[in-house]
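For reference, the structure discussed in these notes is given below.
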Amino acid sequence: VPIDLQRILRSLNRSQTRTLAERTRDTDRTVELCRALLSERGEVSGARLASDVLAAYRELDEESVELFFDRLVERFSVDPDAVRRTADAYRRDASPENLAALQKAVEAPRQELFRRCNMAPGGTAILVDMRRRLLRSLRDHPERAGIDADLVHLFRSWFNRGFLTLQRIDWQTSAVVLERLIHYEAVHQIQGWRDLRRRLESDRRCYAFFHPALPQEPLIFIEVALTRGMTAHVQPLLDPESPVDDPAQASCAVFYSITNCQQGLRGVSFGNVLVKQVVDDLGREFPRVKTFATLSPIPGFRTWLVAHGTTAGRVSSELATLLAQGENITAASLAAARSTLRAEIVGLCARYLMTTEPGVGAADPVARFHLANGARLERLNWMGDTSAVGVQRSWGLTVNYVYRLGEVDRNHEAYANQHRVAASREFQQLVRRRGSRA
Amino acid sequence: VPIDLQRILRSLNRSQTRTLAERTRDTDRTVELCRALLSERGEVSGARLASDVLAAYRELDEESVELFFDRLVERFSVDPDAVRRTADAYRRDASPENLAALQKAVEAPRQELFRRCNMAPGGTAILVDMRRRLLRSLRDHPERAGIDADLVHLFRSWFNRGFLTLQRIDWQTSAVVLERLIHYEAVHQIQGWRDLRRRLESDRRCYAFFHPALPQEPLIFIEVALTRGMTAHVQPLLDPESPVDDPAQASCAVFYSITNCQQGLRGVSFGNVLVKQVVDDLGREFPRVKTFATLSPIPGFRTWLVAHGTTAGRVSSELATLLAQGENITAASLAAARSTLRAEIVGLCARYLMTTEPGVGAADPVARFHLANGARLERLNWMGDTSAVGVQRSWGLTVNYVYRLGEVDRNHEAYANQHRVAASREFQQLVRRRGSRA
Amino acid sequence: VPIDLQRILRSLNRSQTRTLAERTRDTDRTVELCRALLSERGEVSGARLASDVLAAYRELDEESVELFFDRLVERFSVDPDAVRRTADAYRRDASPENLAALQKAVEAPRQELFRRCNMAPGGTAILVDMRRRLLRSLRDHPERAGIDADLVHLFRSWFNRGFLTLQRIDWQTSAVVLERLIHYEAVHQIQGWRDLRRRLESDRRCYAFFHPALPQEPLIFIEVALTRGMTAHVQPLLDPESPVDDPAQASCAVFYSITNCQQGLRGVSFGNVLVKQVVDDLGREFPRVKTFATLSPIPGFRTWLVAHGTTAGRVSSELATLLAQGENITAASLAAARSTLRAEIVGLCARYLMTTEPGVGAADPVARFHLANGARLERLNWMGDTSAVGVQRSWGLTVNYVYRLGEVDRNHEAYANQHRVAASREFQQLVRRRGSRA
Amino acid sequence: VPIDLQRILRSLNRSQTRTLAERTRDTDRTVELCRALLSERGEVSGARLASDVLAAYRELDEESVELFFDRLVERFSVDPDAVRRTADAYRRDASPENLAALQKAVEAPRQELFRRCNMAPGGTAILVDMRRRLLRSLRDHPERAGIDADLVHLFRSWFNRGFLTLQRIDWQTSAVVLERLIHYEAVHQIQGWRDLRRRLESDRRCYAFFHPALPQEPLIFIEVALTRGMTAHVQPLLDPESPVDDPAQASCAVFYSITNCQQGLRGVSFGNVLVKQVVDDLGREFPRVKTFATLSPIPGFRTWLVAHGTTAGRVSSELATLLAQGENITAASLAAARSTLRAEIVGLCARYLMTTEPGVGAADPVARFHLANGARLERLNWMGDTSAVGVQRSWGLTVNYVYRLGEVDRNHEAYANQHRVAASREFQQLVRRRGSRA
């Protein structure tokens, strides 16, 4: 959001004018405030001290934040000696007191620090943003994984489903929230207010989860079209000029976009709960809607196909020619494919979507989400997404996953325990047909 | 609340008709649902399963709840072997992975169980109520302390100050909330709606903390009178017929009642934050108000005085005569005390209030709260509370603690580190005067 | 409301200390401000001047208000000469301009005065209260009828149904509003908060009309019980201890109380719209509810019966004996009536309820309201209201009027045009049976 | 709004397919429903009948609406005979009854019809829209002036200041309302959402009046900039990229746009009240803001200047040359003016702004509004608005009117009674200087 941007720009700006000594001083002051907050005094004047900590932290420039993260590792981590001592005591006597002491010893002090920081107004938002920055640095700083674990532990507790509220987003919603949807939408970018408005008309639904401590800040949102059949094609859905249909006539709810908004909450999953809640709510509002399906991209398909095609003889020569176009592949060249080639691609894609890997699950990341969530593969759509990105990533294909509340548990368990992928008969045949050919 | 009462009556009723076998069956079914909720399946259909668990739990009668608590100890506690194993691994190699494994091992599975229960609507309320019941059984079941520790750990996280909202309560508030205030008020019982209404007039303030997951359910509330001087006497404050004063003329805010509403949240402290927040807010709304004082009972005074007076020669013969009345002491007999006797009692009370005990702090529980919170002892008021309970517990005395934001930190630290009690000069003189006499 | 009371007491108080000269001065000052508000200047600084007028008016004591009403007659009435002049012009030439001039001439200046007064905050409330006072004085001051007509004209426009909002009242409602219900309830007095609470339980409904300019001030409210059959008896409905029934099982909605709250809005009818709106809403919320009936008093019955019984031979000797008890009649003596006497009374009551008078309509005022509103007489209930007032006014009888949306128009027109009273066959037979006897 | 547009397009469309006979039928059906609504029956089933009337009206195509207006003149006007009769009666006896009868006779039945129409949901909006259409047709149909008078009479009563709510509009406001601002803004067109957003930043304020019966439909709104001095130039204010200033530093509130949104409410003035209310509110929120000024166009200046310049010798030859450019005049040619020419233009403009005409007031329409409202002419700004429209209409000049609450009444009265225009000394000198030259 512009606000983030402003802040970054501001600190970038400042960073040019601050010396290393100054940065160390800034960071040390912040750390000192953290210590005070964790002390006795913090119990009495917690809210005020927490505000001071957060204010000091927000004044840090980019480099100082890095220093601060280092300090969180050096000075606010678990004390191994204390762990060993309390573990020994517990070994000798597994009493509740000794367990409590051990539990205390294995919790890093920074976890309590974060808890107390949260007492200040706006604390939650700053902590979520802190993790966003932290995540960017993890690759270069594996030693910071512990900070991340502590934040995730807290966020899992704080952002428990029981504390989230599901809100419908429509044209009555405040511009603050709507602007954020425009900013966050990751699946099919929103091209400004006119585009957004179309997505909030009476034949559409948009829902988001909010947390009381982050007012007007969507955590995740989902966009739904109420249609007369299971939509195959993305472009008509996204056309701001498309006519508005009567939702009372709809037989199908198509989930065409799910976006996680907060990078700082990565790994704290809301998506599965959201989908089911929305299926439930829509089912009650529109008793005539019987099918709840996604219209999803297949983001890993091209990469997989390229890898697959490198082994000679595995793909037809026509397909090999197409593959040779690499990233320059266009909707036009795909549209020109003859029916056998088309069948070959569709078959391979079906096979890809049903592919699972040990310890990972489905190869495709979107498939991984919906299959683990209990949905089933329903239908593959040729030329379902003819946008540049759709062609590049998914060779223009889209897939519908279908949610049937009655089979969600069964599908999930079969998938989770045996990596068995639920798919409609039609879908399975795509693979088999292709299989007989290979 | 009536609702609780109804539920208890209902289950009591039912308990008479249920056999032990039936109770075991009920409990086992609940435990089974708990297991399902903790399993793989719980990740996908968590909200639904959580609802099932809570529904099953609510159907349990009193005795079955006891069985259920037993099961939580037997089957959802920490596995000592796993703790030892992971502790050993950590001893050999204090790697982040080994720490994470140890952290996981020392957390009882019921903690995750509670977290998932919270996904269902109303989950938080049921868990808070579960702890209320648990606390009642702790004395007879010390082995359940672990359950309590797990619930407290969660509640400390969930009921973090950052998630609470401070709301003003007045005559505009919904009857649901107001009825609860009447029910909960513990310091000076509210004698019905007329009494309540007086306490919400324009020269009074009432604030409560709420949590978003417990709508319309106050966690703690505080009652304040805006007065022209530091009030010494309780009865005029509580008189529903007392004239309403102009708050703009007030120079003093008197906190005459603080009530924690949720037994299930015992030990998750809100009071200190609440007092300071209210001092802050009132200070802004009424710049002319300079004194923020409590008008507090001294609940432990009589007991202490009785114990003190048993040693011969420590009290005057007049006081000994009074003490001999025991619990039958009346406001009248106190009112009749001559000035030397009065001075003796006041002096002893001042001494009592400044008494601290190692590992405990102030001897008086209310003093313990306000002193730890950074307030100071300001003034003792003879005949400050002439109600039956006021006479019995505090020999009719009341005390004003004063909050000065500027010295709160200092007072707290002196008290926390050296058990040094902050008191006004006037107050200190009461003790000294008395001391010279002993 | 207490607030009114306070104001009255205050002014009563003051009135003792004010001389006639002072009152005249107060009134003249108010009148002067009224003139200013009506002048040119009023167009620019209307809101401020209006506030001044209202403040001055509120300071007037009771006697000065009387003087003020006199001034409104003397100085802010229609100018007969202007009317004649413009009427003459219109007679000569019925042009739009001449019509407009005549329209202007026949409108008293005080009407514009009231309109401008309404610009000040709280203006509407004060004007409504002004009419309440005015109405009390009309009998002694028939010359003030014009003021009343002007206020009614404005209120009819301002309190148009399109500006009213129907709100459900329940235990979530603010204490301010609930306290007012207790204060206003006129049909079956509310005996405090416990009684009120029972009337707002899940098997009851309460709705009120509000106007945006009178926030939290109910204009009219209706109390409904959702029951398993058409209730005949008042007392069980009003019993605070009566068990709460499951509203989903209800087949009948019983309207047991309708109260107009604002004396100052007398003659601006909301009742008919309210009943129909509520029938509509409840019908949608509870599709199983098929019968919408009132449980109504028959306030004029005893008076009518006494008059009727004075003509010798018209009533049985047993009834004559009862009538002789006059106002001392008790529930016990009615309960002791033998079946023939009972039949005689019921038959007479049925006859009374169907009685209409030219230019008035139904003789009974409650009947007048419901019959004009399109309801029909359904059933008479012996011992339906055994309260003291029920026995005194209605000889313990209650009546159910039934609303069927399908026949409401027809019933109304038959009643309005030919004074034909709609009644169930059962009800009609009560009259006929009686008739054959006379 | 787009919605209006759609409706118009829809009806335009339909109008092509409907014959005159069909239109007559549609209209007659509507008229019949109107009669029913006005009848006895309307009193009982008013809300439902009103809905029917409005539904029928909304189905009318453009031509049928014209027919409908004709019917409102023919069949729902005042009956001249009844007026004469009642006027005669009143002449003979000016009794309250006769006055009431006359009042009733001079009110056209359609007024009561409109009042009853308002009982249906959405009635107010439809009536306001009806007047919008009516106004467009008045020039060709002077006989419809009576309909207009009746609607205005109602609207004056319904849209009384006491019923309006002032709401601040900012980025928290719902998109529905914001979109309407974009649509309605008449002074300085809003160029989309980015432009709007800038106008709602923290150094700006936007307020609108709303009526409870027209939710989310602004009646009038005003845009204010909080600045460090009295702004002279429009363009920097409107620049979406202009930096956001700290409102706490502002010394001046500049009203740079006031827009009446509802054509159907023309003549029901809100503007004067709005300005004063906003001055009041801002004055309280920002005690440091001492100057409340407009930055206004001078829409009639060019026309006046052209007329003025046609008389030979009244303007300098340089000015004559410029005037010769007519509508092709550009900012560049004005910018090139030498200081004497510039002074001549400014002087003429000052003279124009102070010009008043008998029965009209100030010659310039914007001046007419602010001067009648009690503001004074403060300063003329050369090149204050360099937009095409600014140059064309006002030769690039802008003017600041200043509101001082202390002198508003005096200014208004001097203006209203003697057409005396309030102006700062500086402003008066502009005229005088110029005058000495002429």
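The letters A, B, C and D name the chains in turn, as written, and every chain counts its residues from 1.
One rule holds in what follows: a contact is a pair of C-beta atoms (placed from the backbone, for glycine too) under 8 Å apart; a residue touches a chain by one contact, two chains touch by 3 or more.
No experiment lies behind these values; they were computed from the predicted model shown.
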item	value
Comparison of A-D and A-B by number of C-beta pairs in contact, larger one	A-B
Whole-Å gap between the CA centroids of chain A and chain D	50
Chain A-chain B separation of Cα centroids, rounded to whole Å	41
Junction residues of chain A, two or more chains touched	none
Category of the chain touch graph - line, ring, star, complete, other	ring
Partner chain A, residues of chain B touching it in the complex	40-41, 43-47, 78, 80, 83-84, 87, 90-91, 94, 96, 99-100, 102-103, 106-107, 115, 118-121, 123-124, 143, 145-146, 149, 154, 156-158, 160-163, 165, 212-213, 272-273, 276-277, 372-374, 408-409, 412-413, 416-417
In the complex, chain B residues that touch chain C	171-176, 178-179, 192-193, 197, 216
